[in-house]
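Labels A, B, C and D are assigned to the chains in the order they are written; within every chain, residues are numbered from 1.
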Amino acid sequence: METEILSPIFTSKDLETDQEVRWCPGCGDYAILNSVKKILPDFGLPKHQFVFVSGIGCSSRFPYYMDTYGMHSIHGRATSIATGLKIANPELSVWVITGDGDALSIGGNHFIHTLRRNPNLNILLFNNQIYGLTKGQFSPTSLHGQVTKSSPLGVVDSPFNPLALALGAGSTFVARTLDRDAKHQQEIYKRAYYHPGTSLVEIYQNCNVFNDGAFEVFTDKATKSETTIFVEHGKPLIFDNGNKGILLDGLNAKVVNTEDVPANDLWIHDENDLNKALLLSRFFDDENMPRPFGVIYVDAKKPVFETIFNQQIAERKIEDKETAFAKLLKSNNSWVVG
Amino acid sequence: METEILSPIFTSKDLETDQEVRWCPGCGDYAILNSVKKILPDFGLPKHQFVFVSGIGCSSRFPYYMDTYGMHSIHGRATSIATGLKIANPELSVWVITGDGDALSIGGNHFIHTLRRNPNLNILLFNNQIYGLTKGQFSPTSLHGQVTKSSPLGVVDSPFNPLALALGAGSTFVARTLDRDAKHQQEIYKRAYYHPGTSLVEIYQNCNVFNDGAFEVFTDKATKSETTIFVEHGKPLIFDNGNKGILLDGLNAKVVNTEDVPANDLWIHDENDLNKALLLSRFFDDENMPRPFGVIYVDAKKPVFETIFNQQIAERKIEDKETAFAKLLKSNNSWVVG
Amino acid sequence: MLTDKIYKNIVVKFAGDSGDGMQLTGTQFAETNALFGNDIVTFPDFPAEIRAPIGTIPGVSGYQIHFSSEKILTPGDQYDVLVALNAAALKTNIKSLKPHGIIIANKDGFDDRNLRLAGIPENENPLTNHSLDNFTVYEVDVTKQTKLAVAEFGLGNKEAERCKNMFVLGMVYWMFDRNINNTIQYIEQKFKKSDVLVNANVKALKTGYHFSETSELFSNQYRIEPAHAEKGTYRSINGNQAVSLGLIAASIKAKLPLFLGSYPITPASDILHELSKQKGFEVMTFQAEDEIAGICAAIGASYAGKIGITTSSGPGIALKTEAIGLATMLELPLVICNIQRGGPSTGLPTKTEQADLLQALYGRNGECPLVVIAPSSPSDCYEMSFMAVKIALEHTVPVMFLSDGYLANGAQPWLIKNLDELPEIEPQFITENKDNATYLPYLRNDSLARQHAVPGTPGMEHRIGGLEKEDITGNISYDAANHELMVKIREQKVLNVAKDLPLQTFEQGNENSDALIIGWGSTFGSISSSVKELNADGSNIAQVHLKFINPLPKNFAELIKPFKKVFVAELNNGQLIKIIREKYLVDAIGINKIQGQPFQLLEIKETIKQHFN
Amino acid sequence: MLTDKIYKNIVVKFAGDSGDGMQLTGTQFAETNALFGNDIVTFPDFPAEIRAPIGTIPGVSGYQIHFSSEKILTPGDQYDVLVALNAAALKTNIKSLKPHGIIIANKDGFDDRNLRLAGIPENENPLTNHSLDNFTVYEVDVTKQTKLAVAEFGLGNKEAERCKNMFVLGMVYWMFDRNINNTIQYIEQKFKKSDVLVNANVKALKTGYHFSETSELFSNQYRIEPAHAEKGTYRSINGNQAVSLGLIAASIKAKLPLFLGSYPITPASDILHELSKQKGFEVMTFQAEDEIAGICAAIGASYAGKIGITTSSGPGIALKTEAIGLATMLELPLVICNIQRGGPSTGLPTKTEQADLLQALYGRNGECPLVVIAPSSPSDCYEMSFMAVKIALEHTVPVMFLSDGYLANGAQPWLIKNLDELPEIEPQFITENKDNATYLPYLRNDSLARQHAVPGTPGMEHRIGGLEKEDITGNISYDAANHELMVKIREQKVLNVAKDLPLQTFEQGNENSDALIIGWGSTFGSISSSVKELNADGSNIAQVHLKFINPLPKNFAELIKPFKKVFVAELNNGQLIKIIREKYLVDAIGINKIQGQPFQLLEIKETIKQHFN
C-alpha cells in the first residue's frame, strides 16, 4: 500500500453513493468530503480496498457518502473497530472519520491507545469545537467561556490541545489542516496515507449552524496571514506573507520580522524532531503565536502495530492445523481407556 | 485547605483501620501506604475531611487501610467519582488511588479529562507496569516485548509515557517518585496536596509477584546513581552523586561531567517552564538519559475546575428559592382559569 | 372538510422544511390555543438528527397540535388541517389528513425544483394532477406574499423568506379566530436584538392574518370554545421541561442541591440544557466526557450528600449499567433518567419507543434490582421526577425514571403544582455522630434504607465499595450466607418502596369489566382515549395505567385477579407483558407497535375488537 | 471414618495458605486419579483476588477432588479427607468434613502464631481441645519433616518450606495407593530450569509417600477402582481450557482465523491466556484498553471476515452492552463469552453464580434479541463454545455464551472429541460478486442470515451502521413500517436458530413423571445427582437441562406441558424461572442459592421433598 502513485483505477466521481448528503448547507464537512474524494484515486488502490469507519456525529455520516466500504458505528468507538479491522486485514486502507466529541470526548480512551499502539490507520478528526449532531453543546475543544446550549454562562472546562494530547500519547504522525483549504487538505491526506502507522489529522471544520466562525481568524482574509503559519519540512517558519518568521531562542519561540533575521537563522521545521514538535504544538496556548498548519511531526521508526502483531502469528503459523490440533487436544497428560 | 502546616490533630496511628492489609508480603504498596499515613497529619485538617477514592486493582484496596472516608469504586472510574465529589464539596481533601491499569487502561479517558479540567484532586498512580490483581497481564505501561500471562511472546504494544500523556492532556502538576524512597514520596505528596488543581504523582511501585524488579535499575545501589536524577526547582540537573549533569544545547539535552561544566551553565530545573517539562518528560524515551524524579511541572495559573464551577452558582444563588421557583413554574406564558 | 362553525376538536399539522421554523410555529399556535383556554396535546415530529438537504423528504419537519374544548389526551390520529410549505411536506403528511380535510399549500414550494427534491415526477404536481380532489386545497403563494410584505425592511432574500412561517401562522390564527398578540410578544422577545427582525416577523404575521381575512379564501372562521378546565394557573409544558422543574422542586423540598452528571444525547439533552440555566437554584450541571463519567460524577455527588442525577437515552444508559450496579451496592440515592428512543443500537434517535423497560429491570450483572417508574404524560414528568428523587433519597436506592421521546417533546397545558402541594422529602443522611459510637454504614431503618454519613462528618469515617458487603458493618465479605442475605436485603429494600406508593386504581371500568387493558408510561393518553371510545360504543373495558413498575403497587395482584382477558399495550415488542405474565400467570395479550410513533386510537381499538369476535 | 478398604467415591480437600501451592497439589492429585481411570470432578476454591496475609482466614486456598469408580457429576457435598496445612485452613473447612472423616493436619501450622492469625483463642487449639474428637485426626509435623527431607539441597528456609505441599501429596498418594510418577514428571517439567528444585520437590513427594507407608499412621490403604468409562483417549480439562479449544476447533472447521478482543477479568482471563499461546493456529489475541475496545475490535475483525470473539465477566459484559446492540444491528457474527461470577457490581469476583442470565437476555437498549447458550460441564464448554461460533457464523448473529466460575476452574476427565467428530460450519460471507449485480447487504437466506461481503471484495462496496436499516438494501431508514419489520426480522432470525438445534430430551424421567426439574448451565451435575438420589429413594422426578436458552428448543413447550409441578433450580435469585413462567404460564417453583457456591445435593433434594409433603 505504501507504493508510489499509480494511474488511477477509478475517479472521484466513482466515489459518489446513492445517498443524499445530509449536512446543513454551508457545513465545512462538504469541503472535506470533496478533498478526500479528490485524493483517493491517486493512491493506485482499487476502491474496494478502502474502508471508512466512523463513530457518531455529523462528521461521522461521512462513510455514507463515499462508495467504498464503510461502517457508521457507535459513538466514540471507531478507532477500536478500525484497529480490529486493520489487524484482521492489514491489506486494507483504513480511514477513521471522527469529530471532536466522538474522538476526544467519549472516544478519548480509544484515541490515545490507538496512537500509542500505532496501527496503520488514518484518522481524520473533524474539529468544529462543538457537538453538531446533538445540536450545540460544548465539546472538549470548545473554548473556555464559550456559551453553548449546555453552558449558558460559559464553558468552565479548559479545552484539549488535540495535537499536544496526541504527542503525549505517543502519536507518530500529527498534522493540522482546514476545511477551507482544499489543496492543503489533499497534501496532508496524502502524507497521512503514506505514513506507516497511525496518522492523526486535525481538521478545523466550521459548523455554521452551532458554532459559526469558530476558525474565522484562521480563514478570514483580514486576519489569516497573521494567525496562521504553514509549516514544511526543512523550511524556515515564515508567515504573514513572508514578513514574519519564528526564531527559536533556547526553548522560547519568538515572532520576528524576516527583514531582521536571515532565513537560515529562523526555526527550520523538522518533522522528525519530537522536541520541536512539542514546542510547535504549544503555540496553541499562546495568543501571540500563529497557529501552525501542516505536518507537525512524523516518526516512521515506531513499530507498526498490526505488523508485529501479525508477525508473531506468521512466524508460528502451523500449516497442518488438524494434526497440530489433535496433538493440542491431547495435551501432555491424556490417557487411553479400553 | 491550602494553609500552612498546623499542629497535627491526629497521628498516623489514628489512620489505621480494623481491616487486615491484604497485599502480598513485599509488595511496594505497603511503603506507599505508610508514606501517605505519615504525611497526612501534617496538613492540619481533621481526618474526616480526607477522602480516598480508588478504582479496582491491588493498589485500589488502599482506602480500606486508611481510617478516613473512602470509596473502593469500580475499575477505572475513580477520577470521575472524585470529580463529582469534589465539585459537590470543595472543602474535602480528595485523593484518587489508582494503578497503571485502572488509570491508564480502562480509566484513560477520565484520566485525561480530569487533568484537562483541573479539579483540585491528588492522584496517586501506582505504576507497577502490570495488572496485579488479575494476576499478571501486561498493562499500558508494560515494556514492549515484556513477557506476561497475556503476552507469552512479548508485548506488541508500545507503552505510554504517563507523564508525557499527562502534560499532553493539560496537567498542571506532574511528579514522579518511588515506593522505595519514603522521604521523597512524602515530599512529593505534600507538594501535591498544596497544589491547587489536579496533582498527578506517578509512583514506581514494585509488584514482587508478577513483575518483580521492574524498577530495579532505579533502586538498585549499583545502578541507581546513574539511572536516576532527582530534580529540584531552581537547582541544576545533577546526578550520579554530583559527577554528572545535564546541559541543554538548543533543544537537546546532553549528559556532561560536572567537572567540565559550571553548575550555572547546566540545565536549571524550572518547574513552571512547560517547555522544559516537556523535554524532561521525554528522557523516558532515551536510554542514555537518567529517569527524572521529583516535581516535573507545576502550573498554578490554570483555573481550578470546581472553583469556577461553583462560582457560577454562587454568583447567581437565590436566597428565597421557594418564591423564585413559584415564578419559574409560571414561566412567561401562564394563564389563569376561573 | 370543515363545514360547521363550531368544533370540539381540531388537529392542525404544520409541515415544512427543517429550515422553515415549523417547530416554532407549532409551539406558538399551541401556546396561543392554550392561553385561549383550549386543552391541547402536541406532537413535534422533526427529522433525524442531521439537517437534510432543503426540500427533501428526510428534511421535513412537522408539528401537530390537537386543541379542544374538552379534555383531550392524544395529538390525534389524523389532521383536520395540513399546512404544507413545500411538496415534500405534503407528500410526507397527506396520508394522515382526514378525508375532506383542509390543505393550505405554499404554491411556491411546489415548483419544479421542489417537486424534484421531493422525488415527485415533474408531471405529477399534486396541486394540479387532481390527486387531492378529495381534500379542500387552498393554494397560496406564501413565499412571494411574505417577501412582498417584508420588502420594506430591506432584509436579504433568505431572511425575508424565513418570515413565511409567520405568514402562515397568521393565516391559521385567523381561521380559528385566535388572537395574535401572544405571538407578537414572543417575536419581540426572541428578536430583541434586532428591530428589523421584530418588525419583519410581526408584519408577516399580521399580513398572513389579514390575507386570510380579506382574500376570502376561507368561507368562514371556525370556533373551538375554551375547555372547562379546573380553576387555577396553567402553563404549557413539555416532558423535558417538566422533568427539570420536578427535579428542582425535589431539591428545594429536600433542601439539598441537585447535581446532574450527564452527556448529551437525543432526546435527553434538553434536560441538561434546562437545568444548566438554573444555577440560581444551586443546580450543578456537569457535562462529562461520556455517560460513564456522567453517572460516576453523580454517584460522587450523592456520596457527598447532594442529589445525584444522570440523564441519557438507550445507548448511553447501556454504558451506565456497570455504574448503576455500583450505586446499588453502595446503597446511595441516585436518579437515572432514561428518555427512551427507538432502538436497538443507535436505532431511531429522534423517534419515540418504550423498548428499554427490560433493560431498566434486568440490564445489569448480578442480582441488581432497581426501582423503575414511568410518567404518563408530559406534565406528569413533573411529579414523577419529583417522586424519583423522593424515593431515591428516602430509600437510599438508585431509581430509573423512564420517559420517552414522545413525552419529552410533546406539550400540554398544565395546572401548575406549587411546592406546597408536593409531599415532604426526608433524606436519610446522618449528619451527627450523636452517641459517639462506631458508625455502622449498613445499619438500616425499618424500610431497610441505610443512613449515610457524608465525607466531612466528624467521627464517622468509613469505607464503602462495590465488593459484597457484610451486613451492618459494610466491611468486605466473601461469606456465602452473608451474600445470600444481602441479595435478599437489596431485593426487599426495593419491594419496600411500594409501602410508600399509592394503590393502583382503575382509570376506567372496574373489576366487573369484561377485560382489562394495562399500559405504562407515555401511552396513557392513547390507551385512555381508545378505551373511552370503545366503552362509549358499548364495550366494557377496564383500564389501569402503571406509573410504578418496580415495585408494582401493593394491590396490583388483587386488582388483576378477576380478569380472564388482559391486554397489555406498549410501544415495543412486548416487555411489560412479560412481567405481567410471569408474575400473575395470566395469558395476557400484547398490543404492540414498534414504529417509532405513538399509538393511534384505531390501532388499539382494532386489536381489542378482534379479540372480542 | 474410612473403615473399609474399597470405596466407590472419595472426596479429598487440600487446604492451606494461598502461598502453599494447594491449587497445584489438587490439580496433581486430580490428574493422577484421572490417569488411573477414576472419574473426577474438582472444585478449586481460592481466596478473593488479593493474596491475603499468610495464615489468615481470607488467605485460605483450597482444592476439592471427588474421585470415583463410577460416573460422578459433582465435587461432592462433604469431604472424606481434609488435608489442612494450617489452623485457618482447618477452621474454614471443618464444617464440610463428613462425620468421622479423616483430618491430616500439619502440626506446625497450629502454633501460637498460626492460631492467632486464624483468629483462634490461644487455649482453643483444635488439635488439643477435643473439638475434633468426632473425626480421625492424623497430626504430622509436615513443615519440619519436609525441611529435613530437603535439607541436603541447600535451599533457603522459605524455599525448603515450599516443598511441603509435595510432602502431603505424597502422603495422600500412599493412602489411596496411587502412583507418584505422573507428578514426578510434572515436577521435572515445571522446574526444568533448576535441578535443585526438581530434586527437592521429588524428594519431598517421595518422603511423604514413604512417611505414610512407614509411620504406620494410617491403618491401611484405600482402594477406588477405575471407572468403567467409554473407550477412548481422555484428558483432564477445565472449562476455560475447553472454551479455548472449542473456539480453535471452530476456527479450523470454519477455515477462518479467530480474533479475540478482550480485557482481563476474573474468572475469564484464562481464556485470553490460553488463546494467546496458540498463535500457531492463527489465533489473534488483542488485549484492549477496556471491555468496550475489546468487543469493538472483535466487531472490526468480524467485519473483516474473521471470527470475532470477546470474553469477560459481569461488570465487563455490562460495559459491552451498547456494542452488542451494534453487532445485532450490523448482523455480523460475534461470540461474547461471559464467565459469570458473583454480583452485583464488583461483587464476589472469585465466586461462581448464574445471575447474568437476564442481563444476557434483556440487557440492551431497544428490542435487541440475542442468542444465549450455556455449557453444562467443564468439558461441555468445548462443544458449546464450538456451537457458539457455528451459530454466530451461520446465522450472522451475536451469540452469548454463559459459563461461570465453577465451570471455568473445575476440572473433569474428558473423552477427547476430535475435529472430525464435530459438525461442519458454513460461514455466510459472500466472497465474489458473481452476477456483477448491486450488492444488497441486507438480503437474506432462508434462515434470515445475511451474506456479508467483507471489505476488500471487489464490486461489493457498501456501508452499514447502527441506525435502523432499510430491509434488503441496508440503507438508513426512519420509516415507521420498516422499523417494525426489521424488529420482527431480527426476532425471527434468532428464533430460526432453533431449527438447527437438537430437540430437548429428558436427562431423567419422562412425561409421566410426577414433577419436572429444569436447570441450565453449570448446575447440571448437582441437579442430575440430586434427582438420581431422589428417584433412587422412590421419587419419580423428570429432569431436563437447558443448554440453549434463547431460542429455547423447538419442542420445549410440548415437553413441559404435561407437568403440573415444575421446579427451576439456579444459582441466582430466580432468573430462568421468569422465562418459564412467562412463556408457559406454569406456576414453577424456584430452587435457588445465592452464595457464590455450587448447589449441594442436599439443598436441591430438601426443597423438592418439601413440596411433596
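Everything below uses one rule, namely that a contact is a pair of C-beta atoms (placed from the backbone, for glycine too) under 8 Å apart; a residue touches a chain by one contact, two chains touch by 3 or more.
Keep in mind that what you see is a predicted model, and the values were worked out from it rather than measured.
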item: Most widely separated chain from subunit A, with each centre as the mean of CA atoms; value: D
item: More contacts between chains, A-D or B-D; value: A-D
item: Distance from subunit D to subunit B - Cα centre to Cα centre, in angstrom; value: 39
item: Centroid spacing, where centroids are CA-atom means, of subunit C and subunit D in whole angstrom; value: 45
item: Distance between the centres, which are taken as Cα means, of subunit B and subunit A, whole angstrom; value: 29
item: Two or more partner chains touched - positions in subunit D; value: 58, 279, 289-290, 315, 322, 325-326, 345-346, 465-467, 476
item: Subunit A residues counted as touching two or more neighbouring chains; value: 56, 74, 105-106, 108-109, 113, 140, 153, 309, 312, 316
item: Residues of subunit A defined as touching subunit C within the complex; value: 20-25, 56, 58, 61, 74-76, 105-106, 108, 131, 133-135, 137-138, 140, 149-153, 209
item: Parts of subunit D lying in touch with subunit C, wherever the complex brings them together; value: 47-48, 58, 313-315, 317-319, 321-322, 325-326, 328-329, 340, 342-351, 353, 355-356, 358-359, 361-368, 465-468, 476, 478, 480-481, 483-484, 487-488, 490-491, 572-573, 578-579, 581-583, 585-587, 593-597
item: Of all residues in subunit A, those that touch subunit B in their complex; value: 105-109, 112-113, 116-118, 140, 144, 153-154, 156-161, 164-170, 248, 250-252, 273-276, 278-279, 282, 285, 302-303, 305, 308-309, 312, 316
item: Residue ranges of subunit D touching subunit A (in the complex, touch as defined); value: 31, 34-35, 37, 182, 189, 229-236, 245, 248-249, 252, 257, 259, 261, 278-284, 286, 288-290, 292-293, 296-301, 303-306, 308, 322-323, 325-326, 330, 416-419, 454-467, 475-476
item: For the subunit D and subunit B complex, residues of the former touching the latter; value: 49-54, 56, 58, 263-266, 269, 272-273, 276-277, 279, 285, 287, 289-291, 315, 345-346
